[in-house]
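Handing you this structure, nothing more for now.
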Amino acid sequence: MSQIPALIPTSLLLFALVSLLVGLRSARGAQLLAVAGMLFAFGVSALGLREVAFGGDTLRYAVGNWLPPIGIEFVFDSLAAYMTTLLTFTGAVVTVYAPKALAAETDGRQGMVYPSMLLVLAGLTGMCVTGDIFNLYVFLEVAALAAYALLALGERGAPVATLRYLLFGAVGGGFYLLGVAYLYFAAGTLNMAELATLLPELQESRAVIVAAVLMVLGLAIKMALFPMHFWLPDVYTNTASVPAALIAPIMTKVSAYAIIRLWLDVFPPGFFTEGVPIAAAIGWFSAAGILYGSVLAIAQHDYRRMLAYSSVGQLGYIGLGIGLANPIAMVGALLHIVNHAFMKGLLFMVGGVIKLRTGRTRIPEFVGIGRAMPWTMVAFTIGALAMVGIPPTAGFFSKWYLLLGSAEAGAWVWFAVIVASSLLSAIYFFRVIEMIYRDPERDSAVKDREPVEADGAPVSMAVPIGIMAGGIMVAGIFNVLIVRALLESVVAPLAGGG
Amino acid sequence: MRFASILLLAAVGGFLLWGSGDLPQRGDPESPASTGISTYYIQNAYHDSDTPNMVTAVLADYRGFDTFGEAVVVTAAALSCLVILLRRRRREDGSETGVFPDLDGDAPGGAA
Amino acid sequence: MMDPTFAWQPVVAVFVSAVAAILLSLTGEKRRNLRDSWTILAALIKFGAVFSMVPGVLAGETFEATLVEISPGIEFALRVDAAGILFAMSASFLWILTSFYAFGYMRGGNEVKQTRFFAMLATCLSATIGLCFSANLFTFVVFYEILSIATYPLVTHSGSDKAYAMGRQYLIYAITAGMALVAGMALVWQAAGTLEFQPGGFLDADMGTGMLWAIFLCFAIGFGVKAGVMPLHSWLPNAMIAPTPVSALLHAVAVVKAGVFGFVRLTGYTFGPELMGAIGAAAALAAFAGATILLASFIALTKDDLKARLAYSTVGHLSYIVLGIALLTPQAMLGGAYHMVTHAAMKITLFFCAGAIYVHTGKKKISQLDGIGRQMPLTLAAFTVGAVGLVGVPTVGGFISKWYLAAGAVDAGQLIFLGVFLVSGLLNAAYLLPIATRAFLRTSEDHPVRNEASPLMVVPIAVTMLLALMLGLHPDGIFQFFSIAELIVSDVTGTTFGEGGTP
Amino acid sequence: MTVEFIEIARYPYILIVALLLVGLYGMTVKRNLLKKVIGMTIFQTSIYLLFIQGATKQGATIPVLDPALGNEDPTLYMNPLPQVIVLTALVVGVAITAVALSLLVLLYRRYGTLDEVELLRRMKEQAS
């Protein structure tokens, strides 16, 4: 029995508590503690990842020594290791980035923000490692509650958007809990592993079908799967840069992860594809979401709102990978979780730098930023190219696997959607790139626009941005290592036509 | 809009009732939930944790981590309320739109 | 990673200019002599690395370097074969000349953002050589996309509103093409389970005609855009808004030839000539290419802007090569392959001349060039040689390639394409030669004294002119281009050529 | 299937679903955000009820050990697990409500209204 799975969320919780106490006095101290906590959790995750990837065994931890199904079990397999490493990494990077942006955008009480960030991370990592469907709900709400506080920071509209998110998120959480109730009363246990052994006999049960639909529906709301995305653009647009950079890259993905977990490890093989056409439904909604998100992103003038709609589209890729239900497409979806976390984290962080240095958020006002902060904009360009899917950035490879998957499945409509969406995202990202590098002195079309006079990004923000940009390239070029070491074993259950 | 909502709600309700058809009857002692792991709790709670109240035993021991999570949830909520409400007092700009005179009078934002 | 057959030359050849791009962006605008020396150094190393492989390739050796597995079952790998080295030789050699020329041009015109310009140019060269040496379709597409994107800042270099409009159009074409390629590649992987290029092709007929046509269409769009096959050509004349060295190297040699080279890889190494013929794809491609040759020539006649006329001439001549490949006969392919080199030499000469005239006198329109031959006789002499070569007059390289193209059309029994070649030769003469006669035979007060452009520009012009002449007088004399072209054809079709290029 | 819908032993499910729909109705149709929050709590309560009703066993007593009954026969005690779940879920629900209410307080202080349409309009105004 390994301590690693339990150590990740609990250490984050502990650090959250300490940093809350420190944060009452000193925001700086809280930040340092938050960074330390994230790095510690990242270190533990990475250790576990190594053990899982090379040792090959799933790490299990029974809380309180009560063997499942009596107690709650933590399961640290390839998928969980993959997710927690990503989450803690992103968290650490954003926490390093945070202080300057927070000081500029939130009015005091920064000491309270860092514990909230740690709590979000604790909740999300908890969702990843738990082996109990009810415990997953508890962590889901821990993350959600801490996230509401973060999201309500920021501009004046933020609380309205957050309250709407809260209400809708409560419905999502409620549906998930309702699904848990149905599943529990149909099968008699809450442990994922035990459910997996019990459910094959109950496949025909209407209660199990309803449970599956409800749980997936609830998680899909939390994931902002089209058409249940409508809370998302307002939230990302109005919130401050730091919460956006923390929550946009990872939070919705963890719900996607939970859907994948339910599908692969809880419900019987084939249940989501043949028993109830959940996978196909997710796929079709995702395909619609990709087109919808991309088209609306083109229509936006606000940088963050554009990114938000682009998120709706990008989440569609993950959903599409689920919908295709074959191993290679699922690899694409899982890879896209990491890629999109890097890309969106980078883009929101760049948005934060721009806002900090120039106070601007609208794309037409970005004229000349390329000259004011060249290196930040190189990083932005890398992120944008990755979003479009230009090789060898990471964004290309997830799309490539999804294309292979849809070719294999013969899903030509989805194939076309993936191809078309790249073109659409090229339109809205190159619009920004063009604006950034335009020079008002020599360009008659923008000469009445005020050029940016600003310093480059401060080191504490430039370094995290650089790390993300590097991550995009590394995750792209060495994607096979990730696929071979972790993802192939995860998607193996799908190989048998399931 | 309202009509669409009601239609949607009816569909949700119908779906839930349809699924509940395969749930056990009320009070059925043979239901999976009643014969599953709960048997262990009933039989061993006293022995394992020396407390006659099985709910307490499950809550605080067998599934203690849920309860821990519950405590975290409360902490998170308290922190969230703090962040949301305290922030108000630090606002310096006291700006324009739609700020009504404050109801409790302790927030300077509306007046300034 | 270091397998026994790992060869350094291709790796160096590909990545040296990428390293140079980083070095020169770090050096920056202030120390421009140091910055520019990085470019020259990289260009020389690159050419040296490419040239060092020529004897080996001619002797039947292949140089391979597998870098990293980039997708399960697909490696990011370089392999040098005859087709690759032919294109790489012409591109890397012309880069040296273009670099010198570009220093003259950029400094002469006091252009801004020179650092970005040279960095992007170097990146483009990395991508070009990379796609020459790609061992499989995947690597090819990766470099192809990098090339597309890295060209964008060059197209919009002037920063004017018009440049951005053109850049936008360029991007839409380029990204559409890129996505078509990626889609086609996914289909190939689905159908064949491999992406490795093989002489003679690796697809076969039992994959189903529908699938093969879908693959072909994706690739035809993907490569057709870059190769300027009508109706996908319209970005190319507009991209001439870029500075002239870019037009010269990228829009006459590297980028557009990348599309043509894609057709070589598609026909010769993916489908294989037999399969292309069997499903009728070659005939369709030939029809589009033939139509493009004629239409582009007619449009060129109507253009008064010198660069625009040259651009349409490029559109036409690219389709010569595509047509040569699509005719599928060994002679036509030989002609097409050789035309890749000769057209590069001739067209870059013409563009260099146009740029020299513009920087030196500020003139862009053909109608303003009366008597300019008196002022810049060397430049205009080089221009005349290039023009004559494109028309197809013997002693210049263009004759040789056109000869084989025409012979190939006869072999194929497609006399209509023979007619296309002949008519277009006349049209070439009609739109290019008047410029030369106007420059030398008319007089004008504008150009009273002899006054050439900077030697940084004139010397490269002279060298490319000589190259064009050499290619016609002694096809194998310089860098053995003709032998390499023969080797490509024998790789692909299995035909071996006797002395003097007869099968 | 239709038979089961009206079967009398299913009445708890029907009542619970009815309550759930009442809550959802409040959340979707009402414009006042406070009413939406009330709807949310009703919705959550219905889920707790679903758990609790599933814990019952006919003829069983509360899950507190009665020395007279012993602990050998599980049919004598109700199922403790759903009750634990409800205890936890209930606290989660309260926490969500607390955060929602504090947001409401903030909104009301800031805008003087809790009408959703009006708030959204003002939010858009401020964004542009």
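Going by the order they are written in, the chains are A, B, C and D; count residues from 1 in each one.
Throughout what follows, a contact is a pair of C-beta atoms (placed from the backbone, for glycine too) under 8 Å apart; a residue touches a chain by one contact, two chains touch by 3 or more.
What you see is a predicted model; the values in this text were computed from it and never measured.
Distances between chain centres, each the mean of the C-alpha atoms, put C farthest from subunit A.
Averaging the CA coordinates per chain and comparing them to the mean over all protein CA atoms picks out A as nearest. Centroid to centroid, with C-alpha atoms defining each point, subunit C and subunit D lie 69 Å apart. With centres set at the average Cα position, the gap from subunit A to subunit B is 23 Å.
With centres defined as mean CA coordinates, subunit D is found 8 Å away from subunit B. Mean C-alpha position of subunit A lies 43 Å from that of subunit C.
Counting partner chains per residue, subunit C shows two or more touched chains at no residue at all.
Within subunit D, residues 20, 24, 54, 81-82, 85, 88, 92, 95-96, 99, 103, 106, 110, 122, 126 each touch two or more of the remaining chains. With touch defined as above, residues shared between interfaces to two or more other chains in subunit A number as follows: 134, 138, 141, 145, 148-149, 152, 156, 159, 178, 184-185. All chain pairs that count as touching, in label order, are A-B, A-C, A-D, B-D. For subunit C in complex with subunit A, the touching residues are 68-72, 76, 112, 141-142, 145-146, 149, 152-153, 156, 158-161, 164, 167-168, 171-172, 175-176, 178-180, 182-183, 186-187, 189-190.
Residues 385, 388-392, 396-397, 399-401, 403-404, 407-408, 415, 419-420, 422-423, 426-427, 430, 434, 437-439, 442-445, 477-480, 483-484, 488 of subunit A are the ones touching subunit C in the complex. By the touch criterion given at the top, residues 15-16, 18-24, 31-38, 40-41, 61-66, 69-70, 72-73, 75-77, 79-84, 86-87, 90-92, 95, 97 of subunit B touch subunit A in their complex. Across the complex, subunit B is touched by residues 1, 4-5, 9-14, 17-18, 20-21, 24-25, 28-29, 53-60, 63-66, 71-72, 74-75, 77, 79-85, 87-88, 91-92, 94-96, 98-99, 102-103, 105-106, 108-113, 122, 125-126 of subunit D. The touching residues of subunit B, counted against subunit D in their complex, run 2, 5-6, 8-10, 12-13, 16-18, 20-21, 23-29, 31, 33-35, 37-39, 41-47, 52-55, 57-59, 63, 66-67, 69-70, 73-74, 76-78, 80-81, 84-85, 88, 97-100, 102-103, 107, 109-110.
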